[in-house]
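Before I ask anything, let me first share the structure, which is written out below as structure tokens.
Chains here go by letter, A, B, C and D, matching the order in which they are written, and residues are numbered from 1 within each.
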């Protein structure tokens, strides 16, 4: 059992790494990006060298470097997930009100967040399961959801019970209204928003099959990812 | 009034009244004023409201204060952590009140308290369960919630270096809530690694000006005593 | 005529200096004080050496030193009156929003302001004569009036036409409501506020005479400054 | 996007549209970005709204811009100075609109713009002529006025040193409005005495983080060109 469990975790990590790679490829040079706690931090590992992407951590720093190891660990230098990190040249430190002013004032180009659910119009649910015994804890999630210019979600497309996490309406408690622009998943990438859901990319499944599995959500398929277009490219 | 350098941590928290609202700095353990919190435990004030980003880690510092049962309410953004068992137990037993505030609102509400702002319209939490009971206002086509200041009777914060007047500099991400809380409380007690002579800090690099600081305790001074 | 004019100015300066001396004597050690543009800046010259009073200038500095002369003049180091000043050990610089947050948040112990008029309950008029051709300019006056814990006014008690500047109701446009606590003048010092006007000190005139000249304002005379008390001390 | 070091002042103000709101740093001449304002005069944008603490001194910088007649409105706290004859003349001739804003509200309204605050209740100006038309609200027994953010299309500011990414430090009281305006405008152009390599500024002492800065011009670079 413990072996199975480890295998599960590795495969989960591989899935997350693949999504992180997709997202990392999208960050334009010199953009300011916040990576949410947990899996979104993996995106940092896949940014191309010299990408010029500047990472913000909401506990008060710009130009955060990779995780710290060994002698580099400094308890005064942590990220929002309370993991020891490093400082890159050109870094700046600031207090919490300034850090959230930066975020809420729309100065971050992108933030990447995990999610329990995202709705077709971009509502986000990622802070609370709604379970009555859970201790509610929101941190900076609601500020990030409405603060960054573009909010991207990184998640598996289906939960452990096989239910889609891209839904007509979120059933989990909301983090923010109509704030998500893109959803990166293991099976495909989606644009969400006022015009509904559009499939931008697929992984290991045909567009038509994927769309079928997402019913009752209506998904428009980008011309480039229709099965016909992919067949033509082959 | 310019700050006083105290002989020890106990002096820095003296006079805290029952029912006080205490702002406690730190994000996790970075910037957590553990020794001042320990002194507050010894001081014995009860029926406290604690405002802090988290609700204690492990069994020391804020967690130890919660464990005394002298905290009535916690206002924080993120109580649930892998090592927040003290808070979790009290909460599940119904022995502590919790107000969850998004981290940006928590910081901005204390900033408002320090800046004399009566209230402000925040873009955060609109349409979420945390909007319940709050006034909503549409401004320029966007919805906002009305948020009120959070004032402290006492702030306990940790900085890196103080000069004798009370000017402060911090270290890296341990800065976090310190500078904001220093503006928002009637009495501000700061623990620092060291106290230097007035004039030794670069006036361009001072993060918390002396006007905000009342009591200073230095770690090195303490250990020498 | 030019001689007369100079004499007038010297005497005006002497009067202001005397008031400034009175005010300087009142600042407790270690207090944080803002001195308004113009005559209130004279108070700095009369602070006892080592008083520990820390001066705030709203353009972004704490622990401002005296006026700069000669080589010490630095165009980047000025006070709110745009006069070159110096920096004392323990100074700190901050931006305008932080500087006014400090003021408006009630962190300054005292500010000293000039005035056109002060009302019996402490309303202040010091920013605008109300003359239609005057260009309105308020600067930080309204913020100081409501921001400092204690607002003290420094002015001559009568205007050039001989009318009292301590009035039942201000006729000039207001700077702040019920904000002044003390009024230091050439002829006496007054407490103002919800309980009306109280005379705390007199200079070169008897209390009774001074009160008579201030009618129709009702002035209570502090026990220590009644003509009887002063006669008894003689 | 990280900042771009421009070849000259003209490049730093390129693209300013007619009708733009331009935030101009400085308190008197301290921190006044004279060369950037001169470049804006050359650039030629008209029908401008200028937000600045003062309304120009003497005949250079902001005063020279006003003298071109291309400024429709000035939002400032203190237009009247001993050497503000350009503004005074335009104002008395009815050729320029003026909105007088208390200095603290001016700073806080730009901070609100930069921080995403929809509006805030300010304690300043209650009961005065500058309260006219503003919403009054009593909070905790004190009266406040509702104040709205001031956003800029362009900010022109002066700092002391920039690194190539755009981090800024200032000098003494020339800091004044620079850090606030840098947060409040869509495009931020900064003139500095010098540009240093990224990594040369102390991360603890950076006043304006690079995220707020779009275009940098260095005085020394300019004179060398």
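Going forward, contacts are C-beta pairs under 8 Å (C-beta built on N, C-alpha and C of every residue); 3 or more make two chains touch, one makes a residue touch a chain.
Every value quoted in this text rests on a predicted model; they were computed, and no experiment measured them.
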Which chains are shared contacts of subunit A and subunit D?
B
Would you mind telling me which chain pair, C-D or B-C, is linked by more contacting C-beta pairs?
C-D
Distance from subunit B to subunit A - Cα centre to Cα centre, in angstrom:
30
Inter-chain centre distance, subunit B versus subunit C - centres from mean C-alpha coordinates, in Å:
36
Check: subunit D positions touching at least 2 other chains come out as 108, 111, 115-117, 122-123, 170-172, 204, 207
At which residue positions does subunit C touch at least two other chains?
87, 93-94, 100-101, 103-104, 147
Touching pairs among all chains present in the structure:
A-B, A-D, B-C, B-D, C-D
Residue numbers on subunit B that touch subunit C, as the complex places them:
1-2, 111, 113-117, 163-165, 167, 183, 198-199, 201, 203-204, 206, 209-212
Note: in the complex, subunit D contacts subunit B through residues 108, 112, 115-123, 137, 139-140, 142, 144, 148, 169-172, 202, 204-205, 207
Can you check the complex and tell me which residues of subunit C touch subunit D?
57-61, 74-79, 82, 87, 93-97, 99-101, 103-104, 123, 128, 133-143, 146-147, 173-177
Contact residues on subunit A for subunit D in the complex?
28, 30-32, 52, 54, 56, 62-63, 87, 89-94, 100-102, 104-109, 147
List of subunit D residues in touch with subunit C within their complex
27-31, 53, 77-81, 84, 87-88, 91-92, 98, 100-108, 110-111, 122-130, 170-180, 207
